[in-house]
Structure formats: structure tokens, C-alpha cells
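The two complexes that follow have chain A in common; it is paired with chain B in the first and with chain C in the second.
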Partner chain A sequence: MKNSSSYTAVAYLFLAPALILMAIFTFWPVGYNTYLAFQDYAIADGTATWNDFAHFKYIYEEELFHSALKNSLLYLLVVPCIQLAALVIAKLVNNKLPGMTFFRATYYIPVITAISVAGVAWAFVYKYDGMLNGFLTWIGHALGMLQGEFTRVEIDWIGNPDIAIYSVMVFTFWKGLGYYMVLYLAGLQAIPAEVEEAAILDGANAWDRFWKITVPMVKPTILLCTLLSTIAAMKAFQEVIVLTKGQSDTYTALFYVYDQAFRNYNFGRAAAAGLVVTFFCMILAIIQFRFFGDKK
Partner chain B sequence: MNFKRSVLAGAVLFAASMVTAQAAEKVKVEYWSNSLSPKFDAVMKDLTAKFNASQTQVEAVWVDVGWDAFQARVVTAVASGKVPGLVNLPKPWMDDFAQKKMIVPITKEAASFKNVYTKGALADVTYNGQQYGLPWYQVTGVLFYNKDLFAKAGIKEAPKSFDQLLAAAKQVKEKTGVTGFAPKLQDGFSGWFLYDGLPLLKDNKAVFNSPAHVKLLEKFAAAYKDGSIPKDVFKMGFEEQIAAYNAGKIAMFAEGAHALKRTQTDSKKIYEATGVAGFPQGAGKTPFGGFLFLWSVPKGFKDVDAAVKLGQFLTNDESQLAFAKASSTFPSTNKALDDAYFQAGAKSADPVQQATAVAATHIKASRTLTISGLPDEAAMNKKLNDEVEAAVTGRKSAKEALDAAVAMWNEKLAAKK
Partner chain C sequence: MAMSKSVRQALGLTGHYAGLIAFAIFTTFPFVWALCSGLSVDASKMYTFPAGFWPHEPSFMWFERVFQEMPFLTYLKNSTIMSFFTIIGVVAISVLAGYPLARMKFPGRGLIFVAIIATMMLPSEVGIVPNFITLKHFGDFGNWIQESIGLGSDWNMRAWIGLDSYFGAIVPNFAGAFGIFLMKQAFEAIPQDLIDAARVDGATEMQILWKVMVPVTAPSIAALAIFTLVNAWNDYLWPSIVMTSKEKLPLAVGVFNDLTGPFATSDNILMAAIVMTVVPVLVFFAFTQRYFISGMDGAVK
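Up next, the complex of A and B:
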């Protein structure tokens, strides 16, 4: 017979491998980063000196960081869109119809595509004389909205600062949709069929069943997915670097962090900016737990 | 007997320790090249072997590091104190590293042999009056143009000045409907000011909103407006320029000869119609598109003399020539550049060979056009480039844009003190 303290010990033993790895690759860097945020760090001689919050004062007044943070917050628009779309698509592919596996796989392909490769492909879509404008030109002519044989739609999707960030968001949406779809699919399959059947017997239509049964029952998954996609949106960086390199008002907060660290070699300031981003992520997470979490 | 044995054992031990001591005396100099493997493995291994054969005291160990990982690896190495003897940097990185004191000056060590390098290259490796690197291979921009499109537009000869170049681009656009010229704007605009001999800083103040600066920017804006440069010019890097040229979508672009090799394989017809000329020199007395790679000694390496010795070998006439031949780039020593190899193609009908000859004549004057030593380089360059883009694409006047960027630069420069 095991007593409870040896039970706890065994539990920690099993947790140990993962905990050790996390300690080395997550907790330690986070801790060190926090430490650096308050220091002037000179790489050449590896010295760090306390600087009275100089980095925070600097980025507080730094216009570029403000606009970067604004862009990162604007990026959150992608969260509700991607969540709703992922849930709806998960619901659709959760049918037992022939060929469903094909659709599930298709929606998932962008997730496993390397972002650099996808970026090159989407740059062609968004180009001035690219696919999207070509398609719109064709539609325009077909509907007779464009006058003259050679008139073309010429929208600079990722070059015009007014719309570039939204174009990048569409890319993020396309790239992440399948990931959340799979999570929702798992959530949906955990809903017992009887509940839905009972609702049908009671005369609920598809709309009611979706909002009154599906959504409440996948609420834990919604919390998880919303949290993940919010953090991903706040951390938007890769999609920006592959599509616009931060030009055309698409400069995000993490892009600022990267620039400060690897172009200015100012790791302290980069750490401070990173900490601010983390702070925003945490606030958003708390709000989301309030909204979707179980109230006990 | 016992005594004899112990003497013998002692002697053996002593001899052994002498051997190890001698072996240990050979200084190992690890040197990191920048993205040269696997394409140039043969020449790099050959150079390493030659150097090691000529040395009794120093042993070179070649390591190649990819472009993307390079800066981060150097930073980590310096921070951890385990540094290689030499690192292969492009000129702008050298400035950054020198500013952050991550590489050491080698003015004294290189004084005896620095005159073998070209004037342009020597100026490039100098930062704040100190020499921080040994010049290695370099490239320079050569102007490639589509002769068919030139003929259709009625242009008789390659442009001799930058204004002529823009005029030709406009003429091509008007007569043929094809975009005339794709200038490289993706990497920022400061290089174009320097190309035109216009300084960005004076007495620690930004001065790039003078009438001359405004005028240059207005030329680009006008060219953008009338379609003689591409609408997505700010998105065009090396790959995009070549692709557009190969597809016949632009009539002119400037790059190194290695770029044209792509046209040769991907677009035969365009290749045959390609003319080559030197990129017109601006008031800065240098062509556009020069780029120098060099060797620097990272901070913390114990035997700087050994590292410089290896660097001197890698950058001597013979080694540079060997590398240049293998890579279609150019050496940075005067003597190697005068080698018959580079002029062999001057009269050839083949555009790549022609381009090599044209570039070799221009490269002695070639400088890497970059601005360095800014207090917040990332933010300042971004501001300048964003404002320039707004001006070129017609969302702002050139004067307004440059005024805004200058104001921001001066704020940062003043805060530095």
C-alpha cells in the first residue's frame, strides 16, 4: 500500500523529465529575460548593470513601439474571425459523409506548411500584378464593372499602409484555421450524440442546436483556442517578416523586439519590450478566463 | 636497478611532455565563413590545407555558418567568451559589431600589408579611424539592359549618368509600355543618397532634407508616378528583380554578374538580348550595388596575431584570385584585380563575361554604401525608409517626408549624448 506522500513523490518523478526541460528552455529564459529588462547589457563583456527602468522609460516614449503595439492589438481582430470560422468548419467536417477525411486534411495542410514557403506563395497572391488582382480584374470584367479592355484592378495589398496589415491578417487566418479546426473537432466529438438527438426530438432547428448545444458544450475548447490564438496574434511576427518585412505600417510589437535585439544588439531594451508584450498577453488571458472560464 | 628504471621512466615522461607541449604550442584558429558551404567547399578546403602546410605555429580550422544564424552565433560566442579567431562579415555588420565592441581593431597588426587592398575596400573596413577587418571578396552593380526594348524605344546607347538612366526608363515606358528600371529600394534609401554624394549626417545632425536630397527623392517619385519604375518596387529584392527582368517586365536592372547567370539558364531569349554597361557613377564617385565581405577578429580571441596571419593569407592576391574564380565575385586587392582573368571577357559577346570585365574596371572605386554608428539604427532606418516610401508612392511630398525623418533622427541623435 502506498501512502499519499509517496504517491506525490512518484507523481513528481513522472513529471520530472518534462519539468526539467521546461525549466531549462522556458522558465530560465523567461526569468533571465525579465532580469535583463532592468539592466544595461553589454554583450562584448557580458556585463549587466541596473539602469533605473531606463528601457521602460525609453519605450514608453518611443513612437515606433507605440505604433508596433497598436498594430499587435489591431491584430487581435483575427481572433474572433478565426475562432468562429474554425468552429463552423469543424461542425461541417464533423459529419459522417464520404470524403470528409479529404476536407479535414485539406484544411489542415496550411498548418503544416512551412511559413516561409507559404509566405512566398502569398506574396504572389498579393503582388501588384498578382493572382488576387488578376482574379478581381476578371470578375470586374465579367460583371461589366471595369470599363475598357485593359483596365486592371491595381490594389497594392501588402504595400498600401491602409490595408497591408489586414492582408497579413488574412494570411494568418488561412494559416491557423486548420489548427483550431482540429481542436474544435476533438471537442465536438466529445459531445454525446444523445444530447443532439434529444434536441432534434424536441424540435430544435440546426441554428438553435448550434448555439444552444454545440457552443456551450465546447466552451472549454473555446477558451483554450481563444487563448492560444490571442497569444499567437499578440506574437505576430513571422507572417509579417515573410510578407512585408514590417513595411507599410505592419510593424508589430515582436518585430520591434527582434529589431532591437538583432539589429541594434540592445538585448536589454528588447527584453523590456518583450516583457510589455507578455504583460498584455496576461491581461487578455485574465479577461478571457472571466468570460469563458467555469464560474465556481 | 630500481633507480635506473625510475630515471628511464622520468626521461620518457619528460620526452612525452615535450611532445605534447610542442603540439599544444600550435595555435588553433577557427574561422567562420558566411554561407559558403557546400557550394565553395572545394576552394575553402584547399585554402585551409595550403595555409596549414605553410605554418608550423598556427593551425586553421574552417567552419561555415549560414547567413541567417551568423549574427546570432557571433553574438552568442562573444557573450560566452568562446570565440573563433576570424569571422566573415559583410561591411554593414562590421560597423554594427565595431560599434558594440564585439570585434577588435587590427590597425597595428595589419599596418605592414594593408596597401595591397583597393582604396575603396580599405575605406570600407575602417570604422572611426580604426581598421576592423581584412577586405575579402566583393561584388558591384553592373547595369543590364534589354537591347530589344531599347531599340523599340529608340535608345541608341546605354545611359552614362543617373539622369540619363531615368530618362531612358521613361522613354522605354512611353514607347513600349514596359517598365523601364527597377532600382533597389528594398534595403533602404540611405545608399542612394550616398551614391549621389549626399551626406546623411553632419556634426552629429541629420541633414538629409536639403534641397539636393529633396530633389533626388523627387526624381524617384516622378519615375514612380509615370510608371518608369515598378509599382511594387519596394517589395523587389534580388529574386524579384531577376524574375521581372527574365519575364521581360522591366528593361533595366543593376546587379552583380552572378545575377545574370540566372537569366542565362531561365530565360535564353532575354539573355541573348541583354546588353551590359557599367552602372553610371553618381556624385559619390562610386557605382551603386557594391558590397564587401571581410574578416574580423572577435573580441576575446587570445592570439590576435595568429588570427591576422590567417586573415592575411586568406586575403592575399593568390587566395583571393582562387576564391573569386570559384565564385564569380571579385577580389579586393589591386594586383588580383589586374589579373588577365577578369578582362578576358571584355570583347566577348557573352553578357556574363562582358559583365565581369565591366565590373572589374569599376570595382576599384566601389564602396559599400551604408550608414553606420546610429544610436537606434533599427528605428531610425525604419523611419527614413517609411517616409521615403510615402514620398515615392505619392502619399506625401518629398520635402515633408524628409523633414519628418530628419526631425526624428535629430531627436534620437540628441538623446544619445
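Up next, the complex of A and C:
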């Protein structure tokens, strides 16, 4: 072994670029954000003054922030839907039938398209004279539920405050499905084929096999994916930017942060709200790490 | 009731494919629709089902109009430049950092690794405000250097490293826990004999990394490069905040701004523009899709 202090120096030299960049762009923001949360930041000259928890008092009172937090918690509804659908799809493509590569690739397409461009396409699907209503009109006519040749279904999917947040959630579901499918596929491929074959011989039907064999055997993957998608749901806000820009009751917690920072230019208040969101994310992560703890 | 085995199998198979096709329709219909509307000269049937899913009087006229109405090629060039340098940066930094974490023993290794992995749990979006301010300071610093060494104001160094610079739009993405973790896993899978043999031959750590480790882990590096390319190409939020001048915007931001901005004219042009933005990614994906599955596989373990 060579001289150990120069060996350590080499190791740190290799790590230096990563550590320096992470220090500037990942670790420093955490500290600085916490500092900003207690200050009034003037964007023009960059001065910050202590304001005696004013931001926290403000957002504690504010209706908009409450509704943003409520929407973010409501967003967690996406988690079970996306997990179940992704697992079912992974199960459907996990075999050697012809065309599986094609279907896997097809399901992954929403994941690899830019959220902004996909959002524009969905805004066209959702608008009151858009494709979704066109499709529902066609169904309505086919079933004879709509009278008159030119009547159309006119639901404003992203303009109506009662349903807009759910429409945004469907978009998140569409965008994330393929990502979790691939993770589940990796989990499913680790299950030996004999297990399932034995169950088929014993006469178990597809439903039983799914719940009694597949689900228990991919449990570690389910936990990982649930953790990932829970944090992603808490952090959802780019969907809101591209679909509704926060109109019709669709503020989520991080959209509030973004909105305060880059529309109101109130960096201090944005930081304070961001700190609250970080706190919620940490709690969720800790709860789920308890689950993981048993596994390792 | 006894159904013959082959009938049951055929039914099961039909159900299986029906499910697959239903999900395929769900994931692709917005783009299929965009393609058909972009190809149709006649816009009147665009929002009716099922007529909207078929091109009427097909022509490329709307696609040609896209080039006239928005600086599509400029956005394409910016996306290419930014993605290229992001890949170089991410791969270089992840390889350099992954190697000592995987194969060298030095004090502080465990702590550094835990710190890097812990950043995966942080909501990174909370960093956008501090990073915005940091880049503003970078710009001031560039300006200060320029003044102190007496360069003329036409050098405009503020725009090299501050806000509204390629540097500012991509550098915060360089050092990521995902890349470092992926490379660490790849390096750990290499047999120790290979490294010992190189050490006996008197190779320095840099030579071991460059001549032994990098060639052997090429598939992982390729997977990392592909993931990085897709992320960089599609990155919307950060460039939309940092970049203010239109001629520096990447596709994901520029096309979105033009599509939703005040100059949006015909819906068919928008649909054509959506298709043109998505197609490069799809073509690339068609050639590399096996890496996506295998790369994720490696990261999960």
C-alpha cells in the first residue's frame, strides 16, 4: 500500500467536483432557505432583515396556503391508484408473448416527454370544447343519452374548481405510470416462474394468483415505489404550472412556494412555505422508513 | 361448467391483449390525436370523436408554419447544446465520485456517502429560490472580475455564468445522487483482481479509473448518459426560471411559452409543434429503450 495520506488526498480529489457542486447547489440552499424563511428579503439590493416569524404567522392565517396544503394531501390519492395500475400493467407485460417490447415502450412514452409539452396536449384534451368532451359526446349519442344532433357534453375539466384538481391528478397518473411499471417489472422478473406454475397446477385462478403470489413477492418493490410516489405527490406542482397556472382551486403546496417566489417576488415567504413542505416530506419519509426498517 | 382448455386459453389471451391495448390507447392518445390534427388541413373536425383521430386532407402545411411562427431551430440548437454539456458534466462527476466511494478506503467515506444519498429525500424544488439568488451573485462576481481586470463592457461576463446563461441553466444539475449511486454500484461489481493487477503494475488511481474501470463499466455509463439526456432535454422548470432571453431557451421551455403565449394562433399549429417536439425524443428512445429497463434495474438493486 502506498503512502496513506496521499492516497486519501487522491480520494478526496476525485470527490471534490461532486462535493463542491453539491455544497453550492444542494446543501447550501437548505441552510439558506431556512435563513430566508425568517427574513424579509429585498430582491433589488439583496438585503435581508429579521422579521420575527412574520412569514410563518402570515401563512398560518392565509386561506390560500391552507387550500394549497389541503390539495397536496388530496394529491396522495394518486399514490394507491398509480401503484395498483402500474403493478397490473407490469404483470401484463411480464411474459414472452409477441409484442411485449412494443407495449413496454408505449407505456414509457409519457415518462420521456417533457412535462410542459405533454401538459399543452392535455390542456387541449381537457378544455370545455376539447377532445375529452368530444369523446363523451360520442358515447352519449351512442347510448342515446344526449338529445339533438348538435348537443355536446360541456364540462370544463380544468376550469371548474370542484373537479380541476382531479383532472390534474389524472395527468400525473398518466405521466408517471410507465416509470413505476418499469420498477415493478424489475421486481417481477426476480420471481421464479416455478412458483406461479405450481399455483396454476393447483387450480388457482388469475385473481388469487395476483393477490396471493404476485403482491406478497414484490412487497419490497411496492414499498420502494410507494415511498417514491408519495414524495412525488407531495411535491407535485409542475403539472399545475403547465395545466392550470393555479386557477380554479388547484394550488398545491409547492406551487404556492413557486408562485410566491417568482410571481410575487416574496422570497422570504416562499422560503417559509418551502420549509413547511420540507417538514411534511420528512415526516412522510420517516413514517415510510419505519416500514423499510423491518426489511433490512 | 367444463370449457375446453383451448377455448379458455384463447379467451384469456384475448382478455390479456385487450387490457394491453386499452392501456396503450390511454398512454398514447394525446400524441396520436396531436399527430392527426397536425396533419389535417381542415380543422373543423379536430374536437369531434372519432373523426379527430384521423387526418383530414393530410398535408405538412402546419408543420411548415411552425418554422415560420416560432424559432424552432434555435430552441433545438439550445436543447442540444445544454443536453450535451449536461451529459459530459454528469458523467464525469459521477464517475469521479463513484470510484472512491466504491473502491477506495479513506476516512469519512461512510459519512460522505450517507450525505449524498440523503439528498434524494430532500424536496429539491425548495432549492430553486436559493439557487436563483446564488446565480445572481455568480453574475455579479463575473462582472466584478471583468471590471477588475479591465476588460471592456462588451465582454459581458455577467451573462456567462450568472442568470440567463447556459452555465446557470445546467450546472446545478451536474452533481446528482442518482448518477453517483449508479456509478458506485457499477464499480462495486468489478472483480478486485482487476484492480490489484493494475496496482501491481504500478498504475496510479487515475490510470486505474480511466484504463480499467471506465471501459468495463461502459454499459452503466451509457445508461447514465441516456437517462441524463432525457432529463436534460425535458427539463422545464429550472430553465424557465433562469433563462430570460428568448434566443437561449431550450425546446421544452420555448415551445411551451410560444404555445401558451399571446401569439398562439391556430390550434393545428400547436398540435404540429407538439408532435415536432416529441418526435426527436421518441426516435432516440426507439433505439435505446433496452437501456432504460436495464438501467433502472441496476438502480433499484
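Rule of thumb we're sticking to: the second predicted complex is superposed on the first by the 254 of 296 C-alpha atoms of A that agree within 3 Å, B and C clash if a C-alpha of one lies under 4 Å from a C-alpha of the other, contacts with A are read in each partner's own complex, and residues count from 1 in each chain.
Convention: a contact is a pair of C-beta atoms (placed from the backbone, for glycine too) under 8 Å apart; a residue touches a chain by one contact, two chains touch by 3 or more.
Because the structure is a prediction, the values reported are computed rather than measured.
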{"item": "Combined model on chain A: chain C and chain B, fit or clash", "value": "clash"}
{"item": "Partner chain in contact with A:L87 - chain B first, chain C second, else both or neither", "value": "neither"}
{"item": "Contacts of A:F237 with chain B and chain C, given as first, second, both or neither", "value": "second"}
{"item": "Touching partner for A:I165 - first (chain B), second (chain C), both, neither", "value": "neither"}
{"item": "First, second, both or neither for A:L69, with chain B first and chain C second", "value": "neither"}
{"item": "Which superposed partner A:V79 touches (first chain B, second chain C, both, neither)", "value": "neither"}
{"item": "Partner contacting more residues of chain A (chain B vs chain C)", "value": "C"}
{"item": "Touched partner set for A:F262, first chain B, second chain C, both or neither", "value": "both"}
{"item": "Identified clashing stretch of chain C versus chain B [59-67, 95-103, 239-247 or 293-301]", "value": "239-247"}
{"item": "Doubly contacted chain A residues - partners chain C and chain B", "value": "46, 123, 129, 262"}
{"item": "Of chain A, residues touching chain C in the complex", "value": "7-8, 10-12, 14-15, 17-19, 21-22, 24-30, 32-33, 36, 46, 88-89, 92-93, 97, 99, 101, 103-110, 112-125, 129-131, 133-135, 137-138, 174, 177-178, 182-183, 185-187, 206, 221, 224, 231, 234-235, 237-238, 241-242, 254, 257-258, 261-262, 267, 270-271, 274-275, 277-278, 281-282, 285"}
{"item": "Chain A contact footprint on chain B (complex, rising order)", "value": "71-72, 75, 78-81, 96, 100-102, 186, 230-232, 234-235, 249, 299, 376-379, 382-383, 385-386, 389-390, 393, 395, 408"}
{"item": "Contacting residues of chain A [partner chain B, same complex]", "value": "42-46, 62-64, 123, 127-129, 154, 156, 158-159, 161, 245-249, 251, 259-260, 262-266"}
{"item": "Partner chain A, residues of chain C touching it in the complex", "value": "12-13, 16, 19-20, 23-24, 26-28, 30-31, 33-34, 47-50, 52, 92-94, 96-97, 99-101, 104, 106-107, 109, 112, 115-116, 119, 121-134, 136-137, 171-172, 174-175, 180, 204-206, 209, 230, 233-237, 240-241, 251-253, 255-256, 259-260, 267, 270-271, 274, 277-278, 281-282, 285-286, 289, 292-293, 296-297, 300"}
